[in-house]
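Structure incoming, see below.
Naming follows writing order (A, B, C and D), and every chain is counted from residue 1.
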Amino acid sequence: MKTDKTQKYEDLGLDTKSARDGYRALNKDGTFNVRKQNVPFWERINIFHSLVSMSWPKFFMVLASGYFLINIFFASLFMLVGTQHLTGIRGITPLDQFIEAFFFSAQTITTLGYGQVAPLNLAANIVAATESLLGLLLFALATGLMYGRFSKPYATIKYSSHAVIAPYQDINGFMFRVVNPKKNQLMEVEVTVSLSLKRSDSELRDFHLLELERSKVVFFPTMWTIVHPINGSSPLDKLTRSDVLERDAEFIVMIKAFDESFSQTVYSKSSYKAHEIKWGRKFVYLTERHGNGVSIDISRIDETFQIELN
Amino acid sequence: MKTDKTQKYEDLGLDTKSARDGYRALNKDGTFNVRKQNVPFWERINIFHSLVSMSWPKFFMVLASGYFLINIFFASLFMLVGTQHLTGIRGITPLDQFIEAFFFSAQTITTLGYGQVAPLNLAANIVAATESLLGLLLFALATGLMYGRFSKPYATIKYSSHAVIAPYQDINGFMFRVVNPKKNQLMEVEVTVSLSLKRSDSELRDFHLLELERSKVVFFPTMWTIVHPINGSSPLDKLTRSDVLERDAEFIVMIKAFDESFSQTVYSKSSYKAHEIKWGRKFVYLTERHGNGVSIDISRIDETFQIELN
Amino acid sequence: MKTDKTQKYEDLGLDTKSARDGYRALNKDGTFNVRKQNVPFWERINIFHSLVSMSWPKFFMVLASGYFLINIFFASLFMLVGTQHLTGIRGITPLDQFIEAFFFSAQTITTLGYGQVAPLNLAANIVAATESLLGLLLFALATGLMYGRFSKPYATIKYSSHAVIAPYQDINGFMFRVVNPKKNQLMEVEVTVSLSLKRSDSELRDFHLLELERSKVVFFPTMWTIVHPINGSSPLDKLTRSDVLERDAEFIVMIKAFDESFSQTVYSKSSYKAHEIKWGRKFVYLTERHGNGVSIDISRIDETFQIELN
Amino acid sequence: MKTDKTQKYEDLGLDTKSARDGYRALNKDGTFNVRKQNVPFWERINIFHSLVSMSWPKFFMVLASGYFLINIFFASLFMLVGTQHLTGIRGITPLDQFIEAFFFSAQTITTLGYGQVAPLNLAANIVAATESLLGLLLFALATGLMYGRFSKPYATIKYSSHAVIAPYQDINGFMFRVVNPKKNQLMEVEVTVSLSLKRSDSELRDFHLLELERSKVVFFPTMWTIVHPINGSSPLDKLTRSDVLERDAEFIVMIKAFDESFSQTVYSKSSYKAHEIKWGRKFVYLTERHGNGVSIDISRIDETFQIELN
């Protein structure tokens, strides 16, 4: 029987008891390492989400397959109706007729309508009129999806591959760097860093929201180093490198911003595990004068140099 | 004559005087149990809202009926103009001609334009040119609606069927559980719980905003148990189960979140009536280790076990 | 020469010196009573805004005129190219040929393409291919505008025609009522009321933000009476009815809400001038029991009854 | 080796060390004066952003070129298949046939489909069916882009060309004026002004967020003068005109607003350098009575008059 403590409800809606070392709550790509089981199919699926999120090649495969299958279906209907009720069908064998019906269907569903083939009797006309209506609606959807995919905002923020523990004023700080590689301007950028630490005396985990030197910037034109000062009130206070590894620390980062190009709010998530932290290293300063302004070499985001900790 | 007290205007814009037991202010599906009367037709209707909210079968019925009626209308216009002014009309009887005009109209409004039938004189050309313009605009609307329906964000949050009163730390708490069954990531989830209680000495109702253990989470990957601690300042303090039933309690829940898939803010509403609360039961802990991560069996969201209250 | 005082910069960006009685800063329809002069044409116009905001009849007139003029233009081009380079032109007189070219243009720009007329030589083909490209782009725009107009969110909040000064607890209050006549659910509704008062000793105006009994509600299913308690810190304190008239008071109301149907934030504005305030009257209580729930007769929103002021 | 001080992370994510006089962090058009170097191509590009942001002539050039090239490509495919498999091709020379195939391709990709040319064999049908599918998808994208460009919200706020230092109450203030020249209503306008100052004793720069007399207005119908009072806590306190020039001051302005026409949040940025500040001048008061309301002559936004400083 579980005690009350194991049912502590915490800030992230994640497990507080997954004590095995090496468990990562948030994957590097920003997805959560949680499986939902026994979700009824209709509650689980989200067709729009799937179609907007899948890769472009897969998306085009879905479109092309749908186009092919729908034309197969309507070609079969025209065969049932009888291709003698279409003008311009020249095929003798059923296969030839089916192929011609297939392409007539394609001309109908795209509302191309060359007219070298055209419906003659009532049944053929009904099939063709239905198909053209369906075609317009389906292409409407495909259109919306194309645009939805193309205009989908996404925070393209890039994280330094490692975090560092470096001197900060007269104490030390936990630091990582983010860059905005695109031309999109990100405004009112807010960052939240949570630390998940296993307790030293049990298999339970605690979550701590870390205080940051600065948790919001008005503009984010290029690069930002996010700093958590390890002062007396920090959960990292007095912890050594081996403590942090032993207690299987995970730093969960969420960045929220307004993307001016898309006029929408975007989120970016990432995490650093204990072994992804470099102790006693500091990020290299990258801003350089360039003509009338300054320039930043984005490719050097991960560069650090050794430095003695306070 | 009403006294000032009956006209107390409160937080939810709902009735404070509907004293009959069993009145439910907010239905389980998130709609309010209020009828608006004598609203002028033009102020009441919202065509876009209706077309985007109706069920898919009904939506397709509306589209198909519209398509049919519009073709009937334009076929009639072509009959008026005279089908001898269309090429390729082969029907002799008016009915046959009408049917051919009907399908010619369908080919025109979808901009299919096979050309086996085509307008010859001025009047027929005017009708056809008008119809094709109208067709493009109508299909534009249908397109927008299809996409609007398909991409409409909706908070798919699922609530536990019952709330519980369970021990919480060294007091008790009012608790219910919510899950996010979809893959959509919900961010910055905020919850508000209001309690509507009939006064013990009159038919009036009071509304109380309940303090929550935590009213906002940054992420909501799977499940969240929302807890109102019944401490000294809680309106539930010292109330027994029969008090809560007698005073016809209703807990009104609103959840606000940002749905990352749709890049939009979504709301979810639900309520718990007094008889939907289980006293002295606690939700079963569902997180389990699964391979490298954890898993949660969503289908067990309603499971509780007996526990002694503090 | 102006003194510093006249250049007081205040909360609404409106004039502080328009002392003439009867001046209304905000019209009843929510537009401001300010003219901007000498704005260069290109800075002033907003084609999208105009096309989305104009009335439906005007919008269809613009579309139809555009369609007509563009076909006139391309028919002229086909005349220049020579209609002998189009198949199926049967007209002899230039006028007949122009009319046929006009309808061929209509069939081309809508991508209808019956094919009873078709381009034969290079020049005619170039014109037709250009027109069909242009047609697709123009209808794309028209489509977007149709949908933009149709899905444009607007706060349909309806205000009581008058505000009242009525007893509120043991003091008095300035009150007005708003209703949401549509089925759209409005969430997180915030209201701001500003009072513009002429100074008693000069022609200058002061703006005051009024404190409200409640300035935000979570839901707004039907009706809300907004109350400004006239306590000691209210700018209305100790003012009589004739003072308020003399000092040419204007109450400027802004309501902000999230419209769930459109998933967008909407704003509504209105104002009450001194003569639109009824002193010593109170709004009639409208909520009534109705079957299992309650009902509100929206048409009685303006009903008040006499009551003695505190 | 860099010291800790040079890596001060500040509010704007900009350089703190670009000490050369005349460096401008934010250009007048609201773009940042920072170059990002060595960004991998795929991380840097943002096709949607580029296509939505480019000028209209350039956008139409891209569309027209795409249309031309795609027709060249499909005409080549039809040549490969053999134009004898298309009906109605009358050209004898390969060039004539290519031209006819080019226009047949144009009729196919726009789904115009006159039908004077039509595919006959399997291969030609496959090419045509593929092209019409592709055409629908491409025009879908072009459509989305047209609408995206047309409906893109942008803060059209216009800044006074100079800022002034003018008397404000019994001290002085840093002031500039903004106008909203469009009919768009801007709501809940928030302004942030940051001051970048070179230190007097080193080449480092400090950034200061300036306190404003009022940093938010509910409405912004016409004009707003933004004032930073130079009181004891202002970084400008006791600085003379030559100090401000010597320390290479830059005032960075960000305005955030909700544009009601587009139902979206918009941002506007600008900056004033030390030499763009007029000392001892004040903006002319522009509001004038006009018929029943007031009017403002927007073209006089930059007009100032001389005034003695406190």
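Basically, contacts are C-beta pairs under 8 Å (C-beta built on N, C-alpha and C of every residue); 3 or more make two chains touch, one makes a residue touch a chain.
Computed from a predicted model, the values in this text were never measured in an experiment.
A.B. asks: Report which of A-C and A-D is connected by more C-beta pairs in contact.
C.D. replies: Answer by contact count: A-D.
A.B. asks: Are the two sides of the chain A and chain B contact the same residues or different ones, given that same means over half of the numbers occur on both copies?
C.D. replies: different
A.B. asks: In whole angstrom, what separates the CA-based centres of chain A and chain C?
C.D. replies: 37
A.B. asks: So how far apart, in whole Å, are chain A and chain B when each is placed at the average of its C-alpha atoms?
C.D. replies: Inter-chain centre distance comes to 26 Å.
A.B. asks: Quick check: how many Å separate the C-alpha centres of chain A and chain D?
C.D. replies: Distance between chain centres, rounded to whole Å: 26 Å.
A.B. asks: Can you list the residues of chain A that touch 2 or more other chains?
C.D. replies: 111-115, 143, 262
A.B. asks: Quick check on the complex: what are the chain B residues that touch chain C?
C.D. replies: 1-2, 4, 6-7, 9, 11-15, 17-18, 20, 22-24, 32-40, 43-49, 52-53, 87, 108, 111-115, 118-119, 122, 125, 128-129, 132-133, 135-137, 140-141, 143-144, 148, 152-153, 192, 194, 254, 256, 262, 264-267, 269
A.B. asks: Per the contact definition, I'd like the list of chain D residues that touch chain C in the complex.
C.D. replies: 63-64, 67, 71, 99, 103, 106-107, 110-116, 139, 142-143, 146-147, 150-151, 156, 158, 167-169, 179, 181-185, 187-188, 213-214, 217-225, 227, 258, 260-263, 282-283, 285, 287, 289-290, 292-300, 305
A.B. asks: Quick one: which bits of chain D touch chain B in the complex? Just the residue numbers, please.
C.D. replies: It comes out as residues 111, 113-115.
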